[in-house]
Structure formats: C-alpha cells, structure tokens
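These notes open a run of structures that come right after.
After this come two complexes, each holding chain A, first together with chain B and then together with chain C.
Take a look at the complex of A and B:
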C-alpha cells in the first residue's frame, strides 16, 4: 500500500516526485534528475521492479538507497499483460460529415457552413490525436476472511493506484471474481479517471461456497480522452480463499457384503462371532459353551454349535463424478450435481469412518484425485480437505479432456482388492452407468448414489429424464444398488432406500 | 479505389503547391462551374465516408459478468437446441432428425418393453408399426407407412412448424404416459 502522503504529493503533479518514481535511481536528488527522457517515461514506470533492484546496487549510498526502495516497493506496478487494442469506431464518419458540410457550404456559397465543417474537422483530428494508454497500476486486493464457512459473506476490497506517468482519462476496472463465487452486493467493477499517483478503491461482497477459489486477473480497459481507441490489459493480483465445510455424519448407508478381515459393523455371510443368527454346525472341540445349541442337545442328544453372522469392517472408496457433464443442475443458478455429490460424499465419509470402516476418496475427473482408504482422525481431516478443495472436485469444471479407459486403468490399479465403491453421479450420460457396471464386474461391489438434476419443463429435458430413469433401472437389473435423491436430503433418501435393500 | 486515391493525393499536392506558390493558384481559375464541382465532390465523398458508420457497430470490450457464478448446464438443454433446429418446416437437418428419432425410439422401446413386460424385440416391432400408442401422431413419428393426421398437418402448416416437430412432441408425451403408468 502506498503512503497516503506520498500519493497526495504525486496527485499534485509534483514533477520531481514522479521523475523519482519512474527513474529507478533513488540515490539521486530530485534536482539531479531534470532531464528525464519523456520517451522513456512510459516504459520507465513499467520497469519500476527493475528499478528497485538497481536501488540495492546504488554505489556508495546503499543504506539510503535501500530505505527508499522499500518505501517504493508499495508502488511496484502490478504484473500486467496487454491483451488487445481496438479502434472503437466512436468517431467513425465524423470526417465524412465535416467534408460533406464543407462541400455543401461551397455548393451553396455559404461561408458559415464551410466554417461549421471546420468544427467537424477539429473533432476528426481530436479523435485521431490520442492513443489508449497502457495502465501502470499497483493493484491490491484484500478479503475480509480467507477461510470462510460456506454461505458466509466475504467483503472484497480492491485498490488500484496509478503508479505510471500517464494520466488515465477513462479507466474501467473489472475484477476477476472466481467463477464459483457469486457477488451478492455491489458490482465487482468501477469506472473512473486516474491521474498519476491517485488511487481508486471499490468494494463488493461475495458469498462463500465450497472449494479453493482463486481470483482471476483484474481486467483494465483504458480509452483515450476521445474514446476512439480502447486497450484491454489484465493485471495479476493473486488472491484466494479456501472454504472448507465441516463434515457432518449423515446417511448411514448400508454397505454391501465385501469386507476386510477386521471386525466392523457390516454383517457378512461368514459364520462366527456376532449378534445375528447365521447357521448351526456340528460341535467341534474348543467351541465356547455359550454357543452350544442346548435345546437341540436336549431334543436329540447331539452337540451342535450356533454360528452367528460375523460383522466386519469394509474398505470403501467414495467415487465422485466430476466430469464436465456432471456439472449440471435443474436450474442454471442452482447448485450443480457435483456439489450435491460432494456434500453427500462428505456425509457418507463421516458416517463410515465413525462406523469403523476404512474410507477413501476418488474423483471421476480429468484431474487426478485419490485419497487411499484409511481411518483415524488425521485421515478424517485429509478427507475433509480433499472433498472441500481438491482441484478435481472444484465448483466449476476444469475444461480438460477426460479419457475414460486411462482413468479406469489407473483407478483399478489403485483400488484395494477388498474395496467396494460408492459412486456419486448424476447419471446424465451412459459413460457413468457403463463405468459403474465395469467396476462392479471387476469384483468391487458398487452402490450408485445419484443426485437428480433433471426437470420436465421442455421436451428435451423430459427425454433426458426418461433416459436417466432407464439407466437407473438397467443398473438395478444388473444387481447394482442404485439410490437417487432430488428434493429430499441425502440422509432421508438413504433411510428410505435402506428399507428396500436386502443385504 | 486505388485510382481514386491517386487522384486525391494529386489534388492535395496541387492544393499545397497552390498555397505556397501564388502562380499556380492563379492558374486555376475559380469559375463557378469548378467551385460547384468541388462542392459536389465534397458532398458526395463526405456522405460516402459518413455512410460507413451506418452498418458498423461500435467495438467495445465486453468484460462479461464476473459477478454471476458460472451458470450450470441444465440436462437436456442441448437436446432442446437440437429440437429447435428441426422445428422449422424447411427441409434439411436430416442428421439431426435421424439422431433425435433414434434416441426417442430407444426410450420408447424400453418403456414399451417394461410396460407390456415383453422382450425388447417385440417392443421394437410395436414401436415401428405404430401399435405402441393410441396417439396417431406419436405412432406416425416412428412408422414410415402411416401419415401424420390431417389435423396435425394443418396445424403445422398454419403455425409454420414441421410435422416432425409435432410428431416428436406427441411421441415424448406418449412415453410420459407409459412412464407415469408403469413407475
């Protein structure tokens, strides 16, 4: 941030202060820099970063030079990238109109008309005289909270100071709000004019949503005084917020019978110790007395042992569909199916960890995301972090291409042999359904959990709804558990489905 | 345009010389006809230049709407665009029509197979010969032998829509009735 006093001096067009700012030779007095080359002025301001490094090399006056360099560090121009310069055509035809007036004046022998044509010529010259300046701005962006909770309002303040030598008669700044965030108060832009040394500040509020949100470069649009030429420049002022939702356990999902050898809560078809009756078998020496079927002994005289259904822990991988096609919603402004999937995966993650299962996270996405199954509090924190901020599960699609076979090969290589998969997908295309069947066919029992993003307002949407329903039916008929939820919450849908599902 | 430019450059050169050298200025006699001609030329050229503005829009950088969250796609909106393309009665868009018909047919066959508890082959035969639904427009959508009802064709003609579009909507309605009954 620049010193306000310094800015005030500069705003009063104190030429010597400006010269000092652009020349990059801090050890020199104002008076020693009277011949600042005008031609270098524009470039000089842009080279202020180099200027600071020169300052540290200041011969003989290192201390003083370093001090002044530190003072000017706040005025370092923000890195910029020139995008394009265009003629706006605002004054297009003014020369023609002027010429036509002069011609008309000559034709009707009216000197006043010829003179009025001269006014038009003046405008034509005015339109061609200037050039859209390249802004040399020092941009700082600050946020009121860098780690907000979902739904919190975050105040963003952007300050742009003209640290260049040229005045900006028409400057529009449009901030690069992350695509996953919505502005709820105030436009994220400003239009102003900035003399050298002056600054503009604007504020707006965004509503925080899950994910790592990085601001895109700020766009500066400058025009010359006549508005005839326009230049677009981007200014890079890195800012980010990370919004990590708390994981709450919900949706106590019944798992399928693929388990580890460790004790847990998933009832298996293996007889042993447990609580639920499984079978009886012939008594073997060493069987505990309390498991002997004494009724049978009394009835038949034979010794037999009651086997109970063993309850074991499972290894579960939560697979979230985050391909570009999964970023769909019933309404363009609604939460996408990826958000619904990630929220449900978070609930399942907590519930499964609490139940003693080993849980991992993966994304069906062009970007790699893999958290190996594990348990414990550290793993819980890692899972929360992965679900909240992994780039593969970002709130907006990455735009990269997804290669299904490559992804499947890599996923199978990583997947532990005894892992079952909870696949969160909106099922809006055949790829998701095919993958679910292929993973299931490889012995990793799959449960498909599908947020419903479809609507029935138009013919195309109705057709998509029918197709999705058919995919669900096909999966169920292939022996894959499938559950969908729309307006209901995920735990409610799970509770309803649990009653239907057999083990 | 090149000869006109040459004439223009020459005229400017003569004008400059005339401004510097009175002798040349005196040689050009400003008769009424010459002055009128210059006036007419000025007006014509001026109007021509000014006219360039008529068809041109001002080029302004559009910074977009960064305040709005990136909108999500709505499932089926791509299909709606495809349907809109085949809505006009003009011929063409054959591939769009064929793709859409195939897609709707798949859904219809699945729905009929489930509703009648028959094989997909039997359901496909029912869809193809139009016996899968009571709605004649929906039946005609897949059955190439039967024509669309006269009322539909009249309605399509008056409203400037294609018969195909009406048939497609009727088929989707018919599927919805089956879905509603069987789900």
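Take a look at the complex of A and C:
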C-alpha cells in the first residue's frame, strides 16, 4: 500500500483513463494489445518495487499473545511476495459512451437517453472506486504420495483460506506445478470469491515423472469487484515429491576390449585362464596339468599348453547427453530422448554392476554430474539416486549455457585411464558426434547408444532423420560402435546389435 | 476456429479426460451463458420500446457470443459499441425511460460478464471451477447498474416529469462533480 512505485503505476493509468475519456472516444477501440503492453511495462516497475511491508506485517503478527500461537498456527498467513499491480483498462471508454448518450439526450430533448447515460456514469464511478486487494491467504498444499513410482498419478489438494480482514471479490489461484510434472486431470487453477474466514479447495492430478520435483510458489491474482485493477501476488507453500525409479535389470551389454586387471566377464585378447580357446604355446614349468594339450602330446610327444582368453572386468562410465538440444521427442507428449537415455542407462548400470564391472555416471550437461566408477550395493543405491534425481539429468532442461571444451577438459581429468564410455545421446547435432570421436581418440573406447527421436512425417523431419543416420554412419566408419533404438526396447536393440559386433 | 470449438465442445461431454488440456484458454461456459442471458434481456426490453434499437441490441448479443467464442475482447468491445448505438437509436425514437434503463443495465452486465469470462479463460482456463467467481462478478455488476438506474429514475420522478432535459443533464453533471470531489 505504502510503496510509491505502485501508487505511481496506478496514478499513471488513471491519467490515461481520463485522457481517453476527455478525448471523447466512445469506445475502447483496441481491447487486447494496450492491456498487454501495460502489463509488460508494469511488470518491470513491479519487480523493482516489490513490497517490503510484508516484514512489518509479519512482525505485527508475532507481537500477538503467545498463548494463542498454537491455536492460530493453522491460520498463519502464507509468506507472500507482491509482484505487480496494473490497471486492466477494461472499462476504458465507458465514461465517454455515457457522456455521449447524455449529450445526445440533451440535443434531441429525450430525458430517457439522459437517464440511461446516467447508468453509464454509475458504471464509470464503479470502475474507479475499487482497489485490488492484497490477499492474506493461508495456503496448504498436500500430495497423496510424496514418493511415487514413475507413472503414478498423484492427487494434489490445495486449500487457501482468506485469513485477512478484507473480502476478495475476485481471486484467481494458479498453482506452480513443477515443470517436470504433467497435469493429467483438472487444471491446477481456480477462480473464486472469498469473504474473510472462508476457504477454497481445489484438486488436481499430476503424473509422476523421474526426479525431485519442487512446487513453485502459488500465484494469486486479485481484482477489485469491477475488475479495473489487478494485483499479482505469489504465495510460498513449499511442497516436494521425489520419484526414484527402480533400476530394471537389463540384458547383457557387450563391452569393448578395454579392461582392468581384475577378473570379470569381458573376454580379452590376453591368454591365460578362462573358458574360450585362444592359442597354444610351448609348455613352461609350472603350467597347470589340466591345461596341457594331451592330444598333441600323444600325437607328437611334445608338451604344449592351451591358452584361454582371460575374462576381465571393465571400468565403464555411462555418459548421458542432457544438453538442452537433447531434450527432443518424436511428438510433444512422448518422452524425451533424455528420459529414454536415462532409462537405458539405468538398465545398463544394473546389468554391468551385476556382471562385476565398475560403473560410473556422468552427464553431458551444463550442470555438473559425476559419480565415480565403483561397485557394490552402496554404489548401486548411489547410482540409482543419481540417475533419478540429479539436477543435471532433470526431466526438463536447466536453461544454462553449455561450454564444450570446459566440459571435456573436466571430464577427461576425472575419467580413469582404463575406463570405457557408454555414451547415451540422441545424436541430434554434430557436437555429440564430435565429442564421441574425441573421447574415443583419447583412448577411452566409446560405444554410442542412441535413442531415435526422429520421425518421417514432413520433408524437414526426414532431413533431420537423414542427418542423424549420416552421423551414425560417420561414427561407425571411425571405428566407434553405435547402436540405436526407437520403438523397440533398449534390451531388444542391444541383443540385435550384439550379433553384428565382433569383439 | 469456431468449428474446432464446436467440435471440442461436443466431445467435452463424452470423455473429459481425453479432451483435457491444461491450456484450454476459452472462456468458461457459465460466463458465456450469463452474458447471453443479460444481452437477451437487454434486447427484449429495447425491442418493446423500439424495434430498430432492439435489433441493434440483438446484434450486440451476437457480437458478445462471437467475442466469447473467439476469446477476443476486441469483438466484445465492438458488440458493446453497437449496443450503445442501439440504445441511442431507441432513445432518439422516443423510447420510454423504463425499458431503456433495463436495456442499458442488461447491455452493461452482458458486456462486463463476457469480458470477465475472456479474462478468466486466459488466466485460469475453461476447465477450472469459476462459478462462484462469475456469480459474484455478475451480481456486483447488476447491483451497481440497478442502484444507479434506481437513483436517477427516483430523482427524475421526484423532481417531476415536466422539467426540461437540460435541467436533468445539469443535475447529472452536478452529481458527477460531487462524486469527483469526494474521491
């Protein structure tokens, strides 16, 4: 109320209303655009003069008797932040129309016209009389399930009680649904009128998606009874849900021949103990008896030893492309390539971990995300949490800028020397392909796993599909393994591709 | 545009879940219905007094319907302008005060509720619960119109019908000056 910025905005629009009326313009000739312009202009002003009176009001509340505190706990007004107050200019021109009717009545000597003009004057007074109230609301938001599984429907109930002294003749509430959640039933909005002491409750349903989701503040828009002034306020009612998918076990994932010295499942070109034949060599003292080639001994009389392929464990880093450009989907309702990548990375994570490999997680994203390779149950839990809730892998892009060379330098510094990389990317731009080749060139063998977000409906889309194919082809000719999966599931695509690949 | 509207409205009843979109920015049905009712009352009242004026108010009602369906405040404003012209024409043809006052209130309420509905559509959308909001807004608008009309009609009766029109206008000007001074 007391802040000068709001008053300035209000008086300015008052002046414009008067100007219009005096110019005798009978009707507001352009309803929508001036409103929008006003709103934009006032938004800037409103941001600059966000009210400070909240703090003093809060202090006033605190002075009240402590005995009542518990009783009043449910009625405490929610913290609010005033955004802007604007004139909607809805009634612009009403005074002009009224005066035109009165003037015509005087000219043609018809008292009934003067009377109906007087009604218009009544509305003009009504439009200028009110002031948009600042809502004092107590907002509570409850969710039916704070830790849902992906795809579960979560019922959200919002209750707003008018705990202030003033009636709110026109109150619109728009809930700040987290950007990663889709509202599937009932809009998260309501419009109502609240007397002091009354409350409004509205419900809606969101479909849970992977990640930590925090609700943004509730926006309350109040207008005076005539709707000539509008005030926007945000009300802070923190709510969060965390949705952590179980890692489904994926099939066998073929790795490339870069391994650690530890035993594992990846067949190598090193002769030793194992199950698959590799070579024979001359007998040396101390070779185990069961690996001596007795057939040859019987045939030629020489002792020789059979070498088997050693099976070793690998260190694998799952790299998920989560740059803004990777948030693409075949159609607006489909899951994005990042979602598909994260789901596939989850399957690969559990499959590799079960196979005894050391697995880490990294994101190609403006935000930092790095889980060093490791093994064991604690590491499995940590990986599951990283894939589910890391901000860098959030279901919606972070909006920050991505610096490729900085990222690559940091990534290479962290990457263990014997680590190979499984790179999950939709390959929708050249950056991803270039990065894959550069990481591969640095000796960390790369396998590109690419969810296919392209469609073939229009010529432009077909061109994108073709470009992506071309990138895959270039990668393959550079000796990088690449597999893509579209409608069929990731394990099926892996099984199909494995048959093609040699070790 | 309106064809699409009609189509999606037809499917509204069948399965709200399938048709549900968070961004259904059309005005709520209750606002459109209330606006049309008020515009209907206005047109009927004007038709009693003067057929031409009544016809123009009917056109205004159609304008309100079109503006609501297209979510366009500009069309609504044009509708209101046509309505005011209709009022002026009816008064010029010598319509009696009572139906003209009813028509004026009806026109104002109809435009107000339709415009309010468009604003609601933009901010909360059609799917939201808005009945109470629209009822309060329409009620307040009707009350203001009725009070203003009652006041001026009562005054004009009290001072007697025989006064010259200029005296009425001067009385009104005095009233406006008084209100401006009070504010």
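By definition in this document, the second predicted complex is superposed on the first by the 437 of 503 C-alpha atoms of A that agree within 3 Å, B and C clash if a C-alpha of one lies under 4 Å from a C-alpha of the other, contacts with A are read in each partner's own complex, and residues count from 1 in each chain.
The rule we apply is simple: a contact is a pair of C-beta atoms (placed from the backbone, for glycine too) under 8 Å apart; a residue touches a chain by one contact, two chains touch by 3 or more.
Note that the coordinates shown come from a computational prediction; the quantities given were computed from them, not determined experimentally.
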| item | value |
| --- | --- |
| First (chain B), second (chain C), both or neither touched by A:183 | both |
| Chain B versus chain C as contact partner of A:128, first or second or both or neither | second |
| First (chain B), second (chain C), both or neither touched by A:336 | first |
| Partner chain(s) touched by A:170 [first = chain B, second = chain C, both, neither] | second |
| Which of chain B and chain C A:328 touches, first, second, both or neither | first |
| Touching partner for A:469 - first (chain B), second (chain C), both, neither | first |
| First (chain B), second (chain C), both or neither touched by A:193 | second |
| Which of chain B and chain C A:434 touches, first, second, both or neither | neither |
| Chain B versus chain C as contact partner of A:119, first or second or both or neither | second |
| Where chain A meets both chain C and chain B, residue numbers | 88, 90, 93, 97, 100-102, 104-106, 108-109, 172, 174, 183, 187-189, 221 |
| Chain B-facing residues of chain A, complex | 84, 86-90, 92-93, 95-109, 172, 174-177, 179-183, 187-189, 204, 209, 216, 219, 221, 230, 232, 327-336, 396, 426, 428, 453-456, 458-470, 473 |
| Residues of chain C defined as touching chain A within the complex | 17, 20, 22, 24, 72-74, 76-78, 80-81, 84, 87-88, 91-92, 94-97, 100-101, 103-105, 108, 112, 115-116, 119-120, 123-125, 127-130, 132-134, 136-137, 140-141, 144-145, 147-149, 151-153, 156, 161, 163-166, 168-169, 172, 175-176, 179, 183 |
| Chain A to chain C touching residues, read off their complex | 26-32, 35, 88, 90, 93, 97, 100-102, 104-106, 108-123, 125-126, 128-129, 169-174, 183-193, 202, 221, 225-227 |
| Residue numbers on chain B that touch chain A, as the complex places them | 35-36, 38-53, 56-61, 63-64, 66-83, 103-104, 107, 110-111, 114, 168-169, 172, 175-176, 179, 183 |
